[in-house]
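All chains are identified by letter, namely A, B, C and D, in their written order; residue positions are counted from 1 within each chain.
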Amino acid sequence: MITKKVTGVDAALEGVESGMTMMLGGFGLSGIPENSIAKLVALDVNNLTCISNNAGVDDFGLGLLLQKKQIKKMVSSYVGENAEFERQMLSGELDVELIPQGTLAERCRAAQAGFPAIYTPAGYGTEVAEGKETREFDGKMYVLEHAFKADFAFVKAWKGDAAGNLVFKGTARNFNPNMCGAATITVAEVEELVPVGTLDPNQIHIPGIFVQRIFQGETYEKRIEQRTVRTRD
Amino acid sequence: MALDKNQIAQRIAREVQDGYYVNLGIGIPTLVANYVREDIDVEFQSENGVLGMGPFPYDGEEDADIINAGKQTITTLPGASFFDSATSFSMIRGKHVDLTILGAMEVAENGDIANWKIPGKMVKGMGGAMDLVASAENIIVAMMHTNRAGESKLLKKCSLPLTGVGCVKKIVSNLAVLEVTAAGFKLLERAPGVSVEEIQAATEGALIVDGDIPEMKF
Amino acid sequence: MITKKVTGVDAALEGVESGMTMMLGGFGLSGIPENSIAKLVALDVNNLTCISNNAGVDDFGLGLLLQKKQIKKMVSSYVGENAEFERQMLSGELDVELIPQGTLAERCRAAQAGFPAIYTPAGYGTEVAEGKETREFDGKMYVLEHAFKADFAFVKAWKGDAAGNLVFKGTARNFNPNMCGAATITVAEVEELVPVGTLDPNQIHIPGIFVQRIFQGETYEKRIEQRTVRTRD
Amino acid sequence: MALDKNQIAQRIAREVQDGYYVNLGIGIPTLVANYVREDIDVEFQSENGVLGMGPFPYDGEEDADIINAGKQTITTLPGASFFDSATSFSMIRGKHVDLTILGAMEVAENGDIANWKIPGKMVKGMGGAMDLVASAENIIVAMMHTNRAGESKLLKKCSLPLTGVGCVKKIVSNLAVLEVTAAGFKLLERAPGVSVEEIQAATEGALIVDGDIPEMKF
C-alpha cells in the first residue's frame, strides 16, 4: 500500500508558495479545510488565487485569508456572507470571477478526470458566457468551460486512512470529492485518521490515488452559519 | 389584497405534483415546503448535496455537517441521500429535478430572468441559479410584482445582468399568477381582491388578458 | 418519499418494445441485470440496440439475446468471449460499434449529467475517431464523443430501497452507476430490497432520483467467467 | 537465449518503482505482479473498478462480484477501494495511474501501437486499452519480438488498426529492452545470450545501437 500520511499540517503544506492557485473544498462553512486554512494564514503566503464555492465569513474560513489580504483572486459562485470581501471587491483590491456553481464543480471534476473542457448550458446568454465559445447541440446552446489548473487542492473529509482513502459526512461532502486529484497536490485533512483496512472498500468516497497527503486535523470548530431549529411540541 | 410571502409560497405549493423532485431557492421558495399537500409524495433537493430534506432540526440536534443551500441547518427524511456537488448538478443539468422554484429581481416577457447581481451595488453571485435555470424544464419564479419604489419587475426586457435566457415558465407574484408565453405574460389568476387593472398597472411587459381572470385558490 | 418499487420484473419492463435502445450494466458477467435480461428474452422483443461493455457469453448474459437474434446492434468495448457474437458480426448479421471503455462510461455519464458531448483523448488517430470531430487543447488532441440516448437502462445493484437508492458490491459496480438516469427509464434490479431508512444516507452510491423502477430479482446465478484461485500452503 | 513470458514479466517488474499505481493488461502484464520487489509500495488498479488488488483468492473463497479486467476472480489488500467505471477512467485519463503495462500485436518506431483488431479475423475490441495508451505518460509494452512466422512486430509502421499514436515509451520483448525515441527503437538491453545482430534481424523498424549493449539484469 502506498502511504499518504504526513506528520501534520506543517508537512502537508510543504511547497506552498505565494502566487499559487489553490482549490478549497466546502460549502459555506461546512466541510472547509479549517486546519489547512489556518496554516495558510500562518505561512503568510500571498497573491493567492483561490477556487472555492464561497469565501467564508469575516472571521472564519477564507475570510481569515481575506482579512490579511493574502488573496489576489477568488473564483467562486456565491460570496454573499462576507463584508470584507465585498469591500475589497468593490474597491478593486480583489479580483473576483463569479461562475455558476455546477460549472465550478464540473471544472474541478474535469481536472480530476483528465478532460480539457466541458460544454454546459449554465450561463449561456449571460455575462458569464462573454468571450467564451458557445455551441449548439440538439437545438440547445452550451458554453465551453475549461478544466481548472491548480497547484494545491485542500479538502476536508470525515474519516480517512493512510492510503489516502476518504469518507465524507452529510453535506460537508460538497465540492471536496470533486477537488481531489484536480490539482498537482491534493492535501486531505480528516477529523479521524482510522487504521488502514477499517474502511469498507465498497464505501470509500474518494480512493487514495486522488490524494497525495493526508493528516488528522488538530481541532475542528465546524461553525454553523445559519442555525435554524424548531422547538419541540 | 396583495399576497404576503407566505401566501405566495402557499399558492406555489399547489403547483407541486405527486412524484416531483423539487429544488427550492433561498427566500420565499424555501417556505413552499411548509404548504405542500401531505397526501402527495415529493422530495426536496438542495444543490449543496442532499436529496430528501426534512424540517429544521430540534433545538440542540443541529449538525454543522447537515445544511441546505441557504446554509441553514436541516434534517433528512427516511430515503434521503448525500452526494457531492458534481452529482448534485448532474441531477439538475440532467433534468432529473422536476421543478425549480426560485426568486427573481426581474423577469422579462420572453422568460429572461435576472437575480444575481446589481452592478456596482450588490454582487453576491449566482450560486446554483444559472445551472438551475439553464436546465430545468419547469421553473416557477416567486417574486414581488414591483420593487419598493413601485416600479414593475415584470419587464419588456431585463435591465440587470441576466441569470438565464427565455427560461421562466410561470410566475407567482404578490398580485398574480402568470404564464410566460411567446406573446408575453399571460394572466392566469388574480390575488384575491386585486383587479386586472391593478395587475396591468404593475406590469411593464406585455400582459395578455384573455377572458375572465379568476381569483387564486389556495 | 417518492416510491420506485414495482411488483417485479414484469412491471419493471413495461413499455419495452422492439427497436429500442437499451443500456445494460455489468463487466463481463459481473453485475449484469440477470433478471431483466431473462425477461427481455421472454418478451421476444427484437431489433434492439444494446449499449453494454461486453456481450455476455454464449449461454449467459447478453449471449441469450444474441442466440435469439434479438439484437440488431451492439455498442461495446470488448466482445471477445462469445463465439455466436463473433459469427453474427463477421457474417454481417449484427452491427457492432466498438468504442473505448472509458468513452463508453463517460458517454453514459454525460447522458446522466446533461452534457451533450465530451472531449476525450481515447481513440485519437485510430479508426475510432474516423469521421469524428477532433480538437487540440494545450497541445494534446481530443475526440468529440456524444452523450448516449437510450430508452431503457437496466442496472443491477446489491441492495436498494423503495426510494430507488442503490448500493453496489465490489467490482459488480462497474458501469451500473453511470447508466442510472442515462436513459428515459432506468430499471434497477437488486439482490436485496431493504426497508427505506436502513441504508446510510452517506453511503448511497446512486440516489433514487436517477432510478424510475426498482425490484428485487428472483434469483441470481452470478456466474464466474474466469475462476482463478490459489491453493492454500 | 530469448526470454519466456515469465522472464519478460520479471524484467518489466524492475521498472516498477516505489509509490507507483500500476495498471496491468491481460496476459504477460498480469504476471508482472508476481515479480515486483516486496520492499517497495505499489498498488495495482484494474479498470473494471478496483484499486489495491491482491493475489487470487484461495479455492472456495472466490467471489463473482470481485474480479479484475481479465474477468479473473481476485482479492483485495487492506486500503483497497471499489468504484464505478467513470471514476476508474478518471484515474487513467487524469494521469493518476503512474504506469501502464500492456501487450501489443505491433509497435511502430514512432511509438504507435496496435493490439485490438485483425480486420476480418479477430475483433475482440479495445476494452480500456485506447484510454490507457492515450492518457498514460509511462507505457511499457510486453510483447514477443516476432510473430510465429518469424516476422518482426517492431515495425516502421503498424499494419493493423491502431490503438494509439506515438504513445509507447518502452518495450520489453523476449529479445530486448528498447526505448522509443524520436529516431526509432533505441536498444537498451539484450536478453542473456542474444546478440545485437539477432535483435537487429528481428526488428523491422529503425534500431539504434549506441555503444555496448549490456545484457539484462533481473
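Quick note on the criterion: contacts are C-beta pairs under 8 Å (C-beta built on N, C-alpha and C of every residue); 3 or more make two chains touch, one makes a residue touch a chain.
Please read these numbers as outputs of a predicted model, since none were measured by experiment.
The minimum number of touch steps linking subunit A to subunit C comes to 1. The chain pair with more C-beta contacts between its two chains, of C-D and B-C, is C-D.
Here the spacing of subunit C and subunit D, counted between their Cα centres, is 28 Å. The mean-CA centres of subunit B and subunit D are about 56 angstrom from one another, to the nearest whole unit. Centre-to-centre separation of subunit A and subunit D, using mean CA positions: 36 Å.
The residues of subunit D that reach two or more other chains are 82-83, 86, 89, 92-93, 135, listed in rising order. With touch defined as above, residues shared between interfaces to two or more other chains in subunit A number as follows: 109, 114-115, 120-121, 168-170, 173, 201-202. Across the complex, subunit B meets subunit C through its residues 19-21, 41-43, 45, 51-52, 76-83, 86-87, 89-97, 135.
Of all residues in subunit A, only 114-121, 137-138, 140, 142, 146, 167-170, 173, 201-203 touch subunit C in the complex they form. The part of subunit C that touches subunit B in the complex is made up of residues 1-3, 109, 111-115, 161-163, 165, 181, 196-197, 201-202, 204, 207-210.
The touching residues of subunit B, counted against subunit A in their complex, run 46-50, 55-74, 82-86, 88-89, 92-93, 112, 116-117, 120, 123-131, 134-135, 161-166. Contacts from subunit C toward subunit D in the complex involve residues 27-31, 53, 76-81, 86, 89-90, 96, 98-106, 108-109, 120-128, 158, 168-178, 205, 222-232.
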